[in-house]
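Both of the next two complexes hold chain A, though its partner changes from chain B to chain C.
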Partner chain A sequence: MSTAVPPPSRKEILSLFRSFLRSSRQFSDYNIREYTKRRTIDAFHHNKTLSNPTSISAAFADGKYQLQVAKRQALVYYFYSPKVKSIMDIKY
Partner chain B sequence: MASALRAAILGHIRVPVVANGSKLLTPLWIRSMSSHDDHLEKTQVIDRILDIVKSFPKVDPSKVTPEVHFQKDLGLDSLDNVEIIMAIEEEFKLEIPDKEADKIDSCALAIEYVYNHPMAS
Partner chain C sequence: MASKIISATIRRSLSPRTLPHIRPLSTAAAVTAAAEPYDETAGISMKGVKISGRPLYLDMQATSPVDPRVLDAMLPYFVSRYGNPHSRTHLYGWESDEAVEAARAQVANLINASPKEIVFTSGATECNNISVKGVMHFYKEKKKHVITTQTEHKCVLDSCRHLQQEGFDVTYLPVKSDGLIDLNELRSSIRTNTGLVSVMAVNNEIGVIQPMEEIGQICKEFNIPFHTDAAQALGKIPIDVNKWNVSLMSLSGHKVYGPKGVGALYMRRRPRIRVEPQMNGGGQERGIRSGTVPTPLVVGMGAACELAMKEMEYDEKRVTELKDRLLNGIRAKLDGVVVNGSTESRYAGNLNLSFAYVEGESLLMGLKEVAVSSGSACTSASLEPSYVLRALGVDEDMAHTSIRFGIGRFTTEEEIDKAVELTVNQVEKLREMSPLYEMVKEGIDIKSIQWSQH
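== the complex of A and B ==
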């Protein structure tokens, strides 16, 4: 490789983390909202100790892809959200 | 003669002014629908923020004071910092931009930011 892409800076990583948490808030389903939050926190902590620039860049690229997945899913879940938030509200 | 007729007609047409009690007239400077002065008390802000920090799983509640620094005193990470600021955003229904959120490092800064924010509720 003639030119090396610099690994993401601390600010970019924190910004990605914040974007994940913000998009997780848009889910109306409690379970998925909590799962997204938990999973991003676990994943970021797991990769916290990486020191190799290529692996940091790979993890960052993977994170960006997953953020797009989360955003798309938030939209899809919004379109097909159930009409009642809780099953206790359903009147039979 | 026309002017006398005109005055007579106008005297009939004009609605007499009713002397209303001045209690019904609210002064113009009382803005009844304004929520401009609807500010949070500083003690409320402090209590709510301390509750958020104390309920964070990695934090020891006994160490939490209004001046505590997240990373230096509580031994948290920058990721935990972002999480706490997210929780504060949810509690006070705010949207804190990234640039401001990066500067909030301690309880004191968080309390000051929320207290000075006009949209905090």
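== the complex of A and C ==
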């Protein structure tokens, strides 16, 4: 039964990473934006050392799901963002 | 027509972001959009205070922002899957019930309990009420005594006061100056008719972590139910109901980056603890808490708990680093800064500082760009200093100037740096104006002054 899905290639992983960062830039909320960026970088760093192909595929699938969550929520946060921005966005 | 507007807005939003502070147009405004000149100096003016933007949020103990992943899990249950989980006859009810049970398992996993031991309520306050009053009313024939601490949350203390009016005895254990209770005092205050010991795991004002395992051991020895208010502890420190030997635990949704209005009560099944329900009705939640279970909120709490389990280590490391950054940053520029509560047995995300020779209200009024709370958050309506700080034995003047910084998952280094800068500026400004501080700098001991009566 084992039609093993091949683990994602380096190019696919990098593309996912870039999509995450792109999506994080679209959050209108300062805290969520910074968190998404930081968490993506830390998560990909942490998973860099994974060697088992099943765990790599699992992490990649989870990453793709989280990317969809991030894209949806970026829209929701955009539609409901407050008129006045956070102090951190104004001063910096 | 509406879909055209929505797709136009979506296209605009997915295009490369330019300036993050352009005021976004809502879909309604997109129709009538003349070029409204946006006003960067607009800012907010509320309650007589003018600030240029939304303050940076450092009050995580009061509540926490909802994580976008939690919101994503909740939205389908507002939009399309809006059934009542207790409807047994159609798809809406079945899928809603499935979601509630899945959330129950997620909450149970975080505290190493079985899903059958979790009851969903409207929040930790309701859980505390059920635990304290419910247990004592159920066992009121034989058990007449409750032990709690002086630093508990207001809802526990108020429930105990209510019990006292009904004729029960309550012992309020004092705390040492670091905020922890003395285990020998606990042991000596146990009587044969003690029905409940209630000690909160992580204090909401000072952040100290009580010795839960030891208290659990003592309660097991004397066979007394052990209740803990773990609202602030959930998702932040590892909780294991078997290691702690708790019979009842109150959990809150909005302290773990979940929605407000939901909580969970853990009730041990072996040995079974019985309570008298405080909300009577159709017998939902095994009769403990009747009323429709709010599916979206419960799903949110479940998602938040699952996230907390995955992220606990990462968050904890980060929060500790940020706390060190904050404390060292403030201590580098100011003296006379005291941390209230034990520094060892403490949750890092709660930093309660007292600044000497500074008046608390004026300090808070100057810190309007940082959302922090003074030590007396729960009693903020009155002018008296927090009862928790008073129980620690902190002097009145230091208790008045306490500030509680709450650091969480979404706090950034820049926010911490800015908070340090604003706090240091404000404290220096106030101390500059203070004649008391001048006297201290000259070397006069304030306590030895004889203030004359006029």
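Note that in this section the second predicted complex is superposed on the first by the 84 of 92 C-alpha atoms of A that agree within 3 Å, B and C clash if a C-alpha of one lies under 4 Å from a C-alpha of the other, contacts with A are read in each partner's own complex, and residues count from 1 in each chain.
Everything below uses one rule, namely that a contact is a pair of C-beta atoms (placed from the backbone, for glycine too) under 8 Å apart; a residue touches a chain by one contact, two chains touch by 3 or more.
Just so it is clear, the structure is predicted and the values come from calculations on it, not from any experiment.
Contacts of A:44 after superposition: chain B is touched, whereas chain C is not reached. When the two structures are aligned on the shared chain, A:17 is found in touch with chain B, with no touch to chain C. With both structures placed on the common chain, the touch criterion links A:25 to chain B and to chain C.
Applying the stated contact rule after C-alpha superposition, one finds that A:34 touches chain C and leaves chain B untouched.
By the document's definition of touching, of the two partners only chain C reaches A:86; chain B does not.
Once the two structures are superposed, chain B and chain C can be ranked by residues of chain A touched, with C on top.
Of the two partner chains placed by the overlay, only chain C lies in contact with A:77; chain B stays clear of it. Residues common to the contacts of chain A with chain B and with chain C across the two structures: 25. Across the interface of their complex, chain A is touched by residues 77-79, 82-83, 86, 90, 98, 101-102 of chain B. Chain contact summary for the complex, chain A toward chain C: residues 25-28, 30-35, 38-39, 42, 66, 69-70, 72-79, 81-92. Within the complex, the chain A residues that touch chain B are 10-11, 14-15, 17-18, 21-22, 25, 41, 44-45, 48.
Interface residues of chain C facing chain A in the complex, by the touch rule stated above, are 9-10, 13-14, 17, 20-21, 23-24, 26-27, 40, 42-44, 51-57, 65, 68-69, 71-72, 75, 314, 369, 409-412, 414-415, 418.
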